[in-house]
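Each of the two complexes below includes subunit A, the first together with subunit B, the second together with subunit C.
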Partner chain A sequence: MDPSYARLREKGKSSKVGGTRRRRFSLLKAFPRWTALTLSILCLLPLSAFAKVYIDIDSPGSRRLPLAVLTLKAAPGGSPCPDRQVEEVIEKVLLNDLDVSGYFRTLAPDVFLVERDQVKFYPAKIDYRAWSLIGAEALILLRTTCKGGQIETEAQLLDVLTGKLLTWKRYKSESAGARRVAHRFANEVTKELTGVPGAFDTRIAYISNATGSKELYVMDYDGNGPRKLTALHSICLSPAWSPDGRKIVFTSFWKRNPALYLLDLRGASALKQMFPGFSPLCSGGAWSADGKWLAFSASLDGNTELFRVPAGDGTRPQRLTKNWAIDVSPSWSPDGKHMVFVSDRAGRPDLYILQPDNGKIMRLTFEGSYNAGPAWSPRGDAIAYVSRVGGAFQIFRIRSDGTDRRQLTEGAGDHLKPSWSPDGRLIVFSSNREGSSDLYLMRADGTGVRRLTWGPGDETDPAWSPARR
Partner chain B sequence: MNSENPRRKFVMGVVIVMALFGFFGCAKKGQVAPGPEEIEPGGAETPVGGEAPGTAGEEEQGLSEETLQAGTHQEIQAQLEDIHFDFDKYNIQPAARLILKKNYEVLRGVPNAEVLIEGFCDERGTVEYNLALGQRRANAARDYLVSLGMDAGRVSTVSYGEERPLDPAHNEEAWAKNRRCHFVLLKK
Partner chain C sequence: MLSLRGSIILSACLHAALFLALLLLSGTGRARVVYKPQYHVRLVRPQEIAAPAKARKKKVARRSPRPAVRRPKPKPKPKKVVLPKKKTAPKKKKTEKPLPKKTHPKKAVKKKAAKKPKPAPPPVKKPPEPAPDEVLAEALARIKKKAGSRKKEAAGAPGEASSAWEKKQKEIEYKAYYDQVERAVRENWIPPQDMNFEEAPAMTVVSLTLLPDGRVLKSYIEESSGNPQFDQSVMRAILKSTPFPPPPIGLKKRYFELGLRFHSTPQAP
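So, the complex of A and B:
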């Protein structure tokens, strides 16, 4: 069988091997921008600016690149961290990210043939044979120094077979930002080896009833650091991020009837109700990827219809559907020209695709007795949704032309509310497969399922944030 | 309702309710039916004993004094029954029609009664679809009450979707209980 990835070292060539699509990437890249946050990045010169690496980004998990991660001692002259805690966090988080992606097989330190003292970061002194002997094809070296509350981390990605330096980054951050440093470098490693950056420096908004009422929360994509964002002592549902990651729109029963509320994550007390006239039911907000439109569903006097409104001006929502049936759960295509939604116009919930500009509607799903909860992939190639199989709801994916319908989850319990990572590689969903409802991650092909939340309450309605800029 | 004598209308309504209870032979309801107490101030019209099932009569007698003051709203509320639905359906079934008629008669007896209809679904399906479905159930119940003569301006609706289930269990029995509309007599 064709290997799922290939690492070729030809100049300027992309390849097609055994019919598997390959992505080409170049090491020539723009310098990352300084971020507005405490984290800062310096891009150091890649030594081998002409290397080409090819890896199949479409089937993670089937053949993984063996990779070793080694944390070195602090730079000479740099102050070492008081304990190894920060270094360990960075290494652990990075290893987890690489494992989640499905592209890599990280080697356990107990097979390493060299001690960390024997490796010199710069000028590089690395016995590549010692790494290739244990099967490593790529090597990541990490080095962190601490000063006051600040940390400075350098990270290198090396090609073990050629000895080439693929990328070298320096991150400065508060020590509380150590996890983000690891996520940022995981994005970078993914970019170098697949051509498309990872989306590990992201968050997931969700609903939890841990306090007794359903409130809005946010956590890192890997489940770390859950934070409660609301204290409405009501019911909050269906969060959705603005494309700039600064706002979350959600549904709440705060003023009796379900209505849309907008939370500005940068404002102190910036919660406001949207479209107060859209009553008794207004829910399911969804921003278009360019941030220009906000779609939602509302029931005014009759059944529930879809609306959209220019995101800057909340005053005159435009009605998109008009019929006797339920129309809910809009999700935009990445180009903003289409919208997938749920309607029972054929007698049961199914997915339909709407072109908001001309009102044309096409039915997408025909199989299954209950199809709902669609989420259009940020890569545009698939729509994730839930469908009832036997007595349980499972997550499926389908192309927007109705082909290639695939079941991604199986087993007992319901699997609901799929939401894509901004790079389209991962899906977060909620499931009660282990009793109470919790959030789970999986790859876009359904592999690599892992649980994210472990609290006593029910966690539901996950929404993956956009990539941080 | 623009009756010039709201109290009289209220009294009439309660009488009708009690008559209906008698007619449908609802022995269970007899235990909580507040009819006699409320109509006592009206004086003459206390025919309940004659029409209500005999079993109810004794208990109603025993409750007569306390409910005059504070219990009115609560006891009217207790007469408003839930209606139920099939999975993913919002049509009013024959059994629900009878209940809606009874609820209408109860509400008709309350001067300027305002009612909130709460629509609920079972836990199966998506949050968003169930919010819409619960709203359709509430709308269907509202439309039926209005068709009976209820003033549409006195009916409001809210959908809880799959939130706040009456029975939190995860089985057919609980789901059947949770697919419902609940009627709340609003306090003024």
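So, the complex of A and C:
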């Protein structure tokens, strides 16, 4: 007999025998089958009903945020300013700051759909549609009230799309301080919209020969209000700010030999020569970001080397390099652990990175026939420097590991002495591209170049101040 | 015996419970389907092409004789001719319902119904004027014939292949929609500049619930980048993109869920 047939028969028999029982348990037997079926159906359900599709959206790259600035009339209680001059200055300065940053596109007032008199200063009473229709994503409302010689400025930054009040500031100042009010609010706006405050409330120290001799000057970062600080009738060079922004150290040939001089901006003490008698030849001071050290180059035995000195007592400079070559132009990394400087130890001027604590030295630049004037970005991510390209000096940037070397400036003329803004977003440099040497500003990627000085003399050696606290 | 059965049942129950638990958990965890914009080229077998092509040919073939039949319609009674057609439109549906595949013919019917008014009978002055009931009868016969031919066509088409084709078609439709959304949102997005994204890439995941007309019913940040400015820019992009292109969902669904993942730095493909 076929075994399978036998099995079949067996099965049939048993089913016949247990007929009654089978009926009793048929439901129970069927139960798991049904549950399995329903479960499998249910199991398929989430795939169809719950599966959510995720779309990947990559950043469209750098785009400027459209922003509208509107100055409202004075507050109901306060007296309006005699003329609109102060209001206009604040608005103009703010617009310029926002434009310099490169992050914002300010909308022209002639596209606004509402009159300035119709707009209330309260976020809840603003018709946001009127602003989103013209493409604005953010709205700045300004309101200035004059009280005697004092001005009180209120400023709001609003998110047009969500109707959220992002920041609301009130500034009180002399009417002469209107520009600073605008700079400070520009810092605030930048902070709200990019996460990092701007550095618009800063100054630039520089050297100018407008009076016939090279003297030290200081002006606002946007070129406003230049002020002469020295009258040495000599040659001043290479100013550098202390991290608290109160002192400037610079090199001068005032007493025939180049020496470092310290100028206290509060005017309490007169000009002071640093470590007199230490070396006949000192130059190029640079403060570390924490203010603990001042680095400079000096020559003791006819060869220029790097030194550093504790900023508190400038008595015993500590030697950092020992080499037959010339080592100059130190610039600290923001963490104070490294220093970039120029040396011709490989036969031509190149950048090197030194660790002052252990004396380790690493060569940074290999390209270009003449590399000099390094400035370490306050963000730490890049070093700006000058390199010769076909007979003219251009400004480059490079990472501290030697990668990502990029040329930032181009065109005729020399571009020299780059100096970073304290937020690391802008670079000021001097250039003679338009004949006489003047100061120019650009963004850290080389875009947005604008001229800062328009005087008759030569302006050189810019040094950007630290952020004001 | 009983205890054995009992244990079997118990085990079945336990399994079922486990299954259910798993099911619920998977429901909350939400299966993630990641969609990346890409271009698709559909490779098809000749039979697959043949099936839709046949359908197309037949449609064309049917369309051409129609005006010929209509032309002799009486000029003074165009309304009467049009009316029965409208009435019969639902009839057609009825006749087709028992067909093996449901959605496809329905769509076809819809399209046809929409198209019908288009080739409206141009007022032709031709003498033979049949009686109104004759016209009606003729129209009915024509429709019946049409329905019959469609039945044949549907039966003749290889069911499996056509449903797969349909599925593909749907997939393509959805992908096109995702592309559309991706483009629209990207266009409106102004990510904050000057953040160190190269070293610390940011990603924000936004969950959207769209209504059939593309309006946003609900939107929330499912996964924050931890960077408030970046998240804000993302929400601004969503607000600017509203209303979204209407999702390709049928009439049955009331809303459509979608996730958007905003990347500060381009993703490796």
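Note that the second predicted complex is superposed on the first by the 401 of 469 C-alpha atoms of A that agree within 3 Å, B and C clash if a C-alpha of one lies under 4 Å from a C-alpha of the other, contacts with A are read in each partner's own complex, and residues count from 1 in each chain.
Here is the rule we go by: a contact is a pair of C-beta atoms (placed from the backbone, for glycine too) under 8 Å apart; a residue touches a chain by one contact, two chains touch by 3 or more.
No experiment lies behind these values; they were computed from the predicted model shown.
Colleague: With both complexes overlaid on chain A, does A:Gln407 touch subunit B (first), subunit C (second), both or neither?
Modeller: A:Gln407: touches no partner chain.
Colleague: Output check: A:Leu65 vs subunit B and subunit C. Expected answer is one of first, second, both, neither. What do you get?
Modeller: In the superposition, A:Leu65 touches subunit C alone.
Colleague: I'd like to know which partner A:Lys417 touches here: subunit B for first, subunit C for second, both or neither.
Modeller: first
Colleague: Where does A:Leu193 make contact in the superposed view: on subunit B (first), on subunit C (second), on both, or on neither?
Modeller: second
Colleague: Given the touch rule stated above, what does A:Ser213 touch, subunit B (first), subunit C (second), both, or neither?
Modeller: In the superposed model, A:Ser213 contacts neither subunit B nor subunit C.
Colleague: Would you sort A:Leu237 into first (subunit B), second (subunit C), both or neither based on which partner it touches?
Modeller: First partner only, subunit B.
Colleague: Give one of first, second, both or neither to describe whether A:Asp381 is in contact with subunit B, with subunit C, with both, or with none.
Modeller: Second partner only, subunit C.
Colleague: After superposition on the shared chain, which partner residues are touched by A:Gln273: those of subunit B (first), subunit C (second), both, or neither?
Modeller: It touches nothing on subunit B or subunit C.
Colleague: Residues of subunit A that sit at the subunit B interface in one complex and at the subunit C interface in the other, please.
Modeller: Correct list for subunit A: none, the interfaces share no residue.
Colleague: Which of the residues in subunit B come into contact with subunit A in the complex?
Modeller: Listed in rising order, the residues are 88, 124-129, 131-133, 135-136, 138-139, 156-161, 163-164.
Colleague: Spell out the residues on subunit A that touch subunit B in their complex, using ranges where they run on.
Modeller: 214, 235, 237-238, 251, 253, 256-258, 280-281, 283-284, 297, 299, 302-304, 326-329, 342, 344, 348-349, 370, 372-373, 386, 388, 393, 414, 416-417, 460-461
Colleague: Quick one: which bits of subunit A touch subunit C in the complex? Just the residue numbers, please.
Modeller: Those in contact with subunit C are residues 25, 28, 31-32, 35, 39, 42-43, 46-47, 50-60, 62-66, 102-103, 132, 137, 159, 161-162, 192-196, 381, 425.
Colleague: Quick check on the complex: what are the subunit C residues that touch subunit A?
Modeller: Per the touch definition, subunit C meets subunit A at residues 5, 9, 12, 15-16, 19-20, 23, 26-27, 30-37, 174, 178, 181-182, 185-187, 189-197, 205, 207, 227-229, 232, 235-236, 239-240, 257-267.
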